[in-house]
Amino acid sequence: MKKIINKPEDLVLEMCEGMVAAHPNMLTFNKRNKLLCRKELNENKVTLISGGGSGHEPAHAGYVGDGMLDVAVCGDVFASPSTIQVYNAIISSESKKGTLLIIKNYSGDIMNFEAAAEMADEDDNIKVEKVYVNDDVAVKDSLYTVGRRGVAGSIFVHKIAGAAAEAGLDLKEVKVVAEKVIKNVKSIGFALTSCTVPAKGTPTFQLGDNEIEFGVGIHGEPGVAREKMKTAHELATDCVEKVLLELPNSQEVVVMVNGFGATPLQELYVFNNSVSKILKDRGITVYDTLVGNYMTALDMAGASLTILKLDQELKDFYNARANTIAFKK
Amino acid sequence: MNILTTDNIVNVIDKMADVIIANEVYFCELDSVAGDGDFGMSVAKGFKQLKLEWDSLSKDDIGSFLKECGMIITEYCGGASGPIWGSAFRGAAKASKGKVEVSLSEFSDLMESAVEGIQKRGNAQLGDKTLLDALIPTTVSLRNSADNGEDFVLAFNKGAKAARDGAEKTKTMTANKGRASYVGERSLDHPDAGAMALGVIFTELVDAI
Amino acid sequence: MKKIINKPEDLVLEMCEGMVAAHPNMLTFNKRNKLLCRKELNENKVTLISGGGSGHEPAHAGYVGDGMLDVAVCGDVFASPSTIQVYNAIISSESKKGTLLIIKNYSGDIMNFEAAAEMADEDDNIKVEKVYVNDDVAVKDSLYTVGRRGVAGSIFVHKIAGAAAEAGLDLKEVKVVAEKVIKNVKSIGFALTSCTVPAKGTPTFQLGDNEIEFGVGIHGEPGVAREKMKTAHELATDCVEKVLLELPNSQEVVVMVNGFGATPLQELYVFNNSVSKILKDRGITVYDTLVGNYMTALDMAGASLTILKLDQELKDFYNARANTIAFKK
Amino acid sequence: MNILTTDNIVNVIDKMADVIIANEVYFCELDSVAGDGDFGMSVAKGFKQLKLEWDSLSKDDIGSFLKECGMIITEYCGGASGPIWGSAFRGAAKASKGKVEVSLSEFSDLMESAVEGIQKRGNAQLGDKTLLDALIPTTVSLRNSADNGEDFVLAFNKGAKAARDGAEKTKTMTANKGRASYVGERSLDHPDAGAMALGVIFTELVDAI
């Protein structure tokens, strides 16, 4: 393992401090609970909190700011923040309109965010609502599983629910908007290499020179199938296919081509070239395209495709002003 | 040995922490196959903190000791492990409130209460490919030993075997709970990290009593 | 080599097309000459053109737009664009105030940009001025060498000369401002891995598990020394030291922590944490900090530190509005 | 053989293109040690384009053929190689304007004019660790052969050896021009890619006449 770090134990703390040092006008940092918060909270809007394990930078602190999140809670690498951390996030950002937790659908996050919500509700009388992002379509959803993972689609939830909160909607309404985004956003990813969790020090899995993992998440979990390496165009074809299956009758969409951390922009643009052509061939209008590292998996090489199906309401909120480190509108 | 005192329990937890910390990397590796590779780190982090705060922990009675352990674990264990291990300890604490010694039967109450705590928080059942697939068989085995009037050493030996067997069985399960469920069929043939870890831990604990 | 591409020969073209597909409101594309141009040219301001080999994305097309460049000329991977390409860039973006070429100091780029400037001047009577960015301090400068490489510091030249052009300064004045930036911007980089040039298909150099190349450029050239891997803090200490040696009496600076393509943001923020502490200890005020992939070397893991020493004029131009894909102000 | 006709020159360039294209990866490798690894690709790209447009190239006389080659190379060779090889061809074209055959002495004029073209554009001298360190010795050797009345075959054999020896010598030089200069002392012990390539090319061309 070769990484620009000091000790693995100090990594998350130093990363947060390096982030605040770079953006002192955007963020404040609560060190004990590893909370990255908006510089100025507005107590007259619904508070939005997200977070989860670290290793997904710029998620989630990169989306804290005007028009998006109020607080990002940072867990250790790939590990949900603790109940206590989330609880402190909730009570330190209380607004008059209540708090929405945007949770990626993993059992660890769910348990911690839910327990924290119960504490805040019972002990502090704060209204807390929760939404569960589950945009990854790699694995079939069924009654018998815990459902699908939340991945890069989260950023659209932050953006659009953020705009709804900023527009003054109340807690229930913001939740409805967030759930609409969740219903209409789907993703699929593939890995060219594994990532290396710093505490472990070796790659989570091994891939041959001509192999990829298709259908991976953002934690170095293996995908649903090990496949032969393909061309960018074939990969794009597979991804668009898989995602659109779950978004029938899409007419106008926002596309995100997301890098997992070690894949250069050059390749992401080549991939987007194919995605945009395939969507055009299918008669789907691309309203906007994001290409870059939005939700990463440490130093994994690979990419994901996220498609958000638009309607007028989502489009209006999507277009609203946002000013965060990693997303500006 | 037919009774565990507060001191004995403190010793057992001390040993448990040592085992977890010593196996940090191995437990991460177990979680790498179908999970995200952080399990060892997540659980070790809480037990390292426990060791740090060890001297200031209440050791007046079993219940208050386990309760304080549970709070630290909830706060410091990362990921799913914080709520799961935390609620296990807090469940066990509830069943041993005020007690300064426990019989094997009472110890079984305590373990059952731990299982209950985990299930309340995490909503998983036997067969969901989680650490419950090791922990529940262990608990059942301990209860049987208590009913048969066996002593702690024999009971722990049998309990540890039940955990190892249970962990082994998780190989044949497709995960429903936790991260392994996100990889679908790919988790077949691989045991659950949490269950395997319990097999290791219980085996080592036999020597601690 | 595992990359999200189709054929190496088509890479640059497809990347450009993928870029325009993602940002149709920002860029137009001249396919024959691989020019990425501003959507709307302003014939009343000095035209700014930069470019060079590809593989440095988002440089340079990511800096085309309001307040920065007018045209980016894209060569093949790590290969200067041809004289003909640059010549076409010049004649297709002619303004009433002349054109400034921002050239990174490499013999290939210099020969092609200069020959193109001669052609445009002689055949088309277009006033063309040139500046040469040479911010890399890895190698000692001397009379007997061709000087130092241009690396990530280029982005500050684009930003500040761009603001000067937008403010209506004339060609000579914009050139003076650009040269002031060049004098005051210095960089140093290090590699944790080599990059792989697609046409070659194997890494340019090999590094052991515990080795880095210190003082690398952005083309996979080896650095000035192979060193043992160090902690983030030690690397930051070495880099700040080297850069500040060449910027004596710095009081207020802009810092850029730049990733080479395969290094995740997490590590860049850890690195920045150390950089910001070291600068503080030296009594230097950090006016602004950029952390991210600004000038990459394909899929190289590693980072560079760039420091821009400010004065009031540079600060004012730095603060001016900019709206490009990769840099917004 | 004491004369090269337009056809002969066309053949030599054809063979030269083949050699460059066949050695694309090797030339990239040469450039990897102290350069940026793209030299083979950059130079091959222009010669591939040359082959594509081959049929439509003017073959009326040596000068106009070389001039058209030079234009394509300038446009299609990437990096430093476009201006360097382009000005070499355009320089050679200037010295052979209107000629349909050249003697060895005239051929030497043509080579000297190529060197001049490169130096005008790239500003490098002998000893700067560039392809000139192979090209200039070759040119000198050809001129000597012409002065001694040798034929083309012997002259080309000697010229190729001069190129190889010159390339070999670049190992002991620290680069002043081109990308190798950016790595300072690190370029010592490694030959220049362009010079090495000329050694290979000239050696293969001996068979083409």
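As written, the chain order gives the labels A, B, C and D, with residue 1 at the start of each chain.
Heads up, the rule we're going with is that a residue touches a chain if its C-beta (ideal position, glycine included) is under 8 Å from a C-beta of that chain, and two chains touch if they have at least 3 such contacts.
Computed from a predicted structure; not experimentally measured.
K.L.:
Give me the set of chains touching chain B intersected with the set touching chain D.
P.N.:
Looking at chain D and chain B together, no chain touches each of them.
K.L.:
As a test of understanding: of all chains, whose mean C-alpha position lies farthest from that of chain A?
P.N.:
Following the centroid criterion, the farthest chain would be D.
K.L.:
In whole angstrom, what separates the CA-based centres of chain A and chain B?
P.N.:
For chain A versus chain B, the centre distance works out to 32 Å.
K.L.:
Just how far, in Å, is the C-alpha centre of chain C from the one of chain B?
P.N.:
Chain B and chain C have C-alpha centres separated by 55 Å.
K.L.:
With chain centres taken as the means of their Cα atoms, state the distance from chain A to chain C in Å.
P.N.:
Here the centre of chain C sits 30 Å away from the centre of chain A.
K.L.:
Identify all positions of chain B at which a residue touches two or more other chains, and write them in rising order.
P.N.:
Not one residue in chain B touches at least two other chains.
K.L.:
If you look at chain A, which of its residues touch at least two other chains?
P.N.:
Nothing qualifies.
K.L.:
Once you draw an edge for every pair of touching chains, what topology comes out, line, ring, star, complete or other?
P.N.:
line
K.L.:
Going by the touch rule stated at the top, which chains touch which?
P.N.:
All touching pairs, sorted by chain label, are A-B, A-C, C-D.
K.L.:
Contact residues on chain C for chain D in the complex?
P.N.:
Contact set of chain C toward chain D: 53, 75-84, 106-108, 111-112, 115, 136, 138-140, 144-146, 148-149, 197, 199-201, 204-205, 217, 219-224.
K.L.:
Under the touch definition given earlier, write down the residues of chain B that touch chain A in their complex.
P.N.:
Of all residues in chain B, those touching chain A are 24-25, 28-29, 32-38, 40-42, 45, 74-84, 86, 121-122, 175-179, 181-186.
K.L.:
Please give the residue numbers of chain C that touch chain A in the complex, ascending.
P.N.:
Within the complex, chain C contacts chain A at residues 2-6, 11, 14-19, 21-23, 54-55, 57-58, 62, 192-193, 209-210, 212, 229, 231-233, 235, 257, 261-274, 276-277, 286, 289-291, 293, 296, 298-299, 301, 303, 328.
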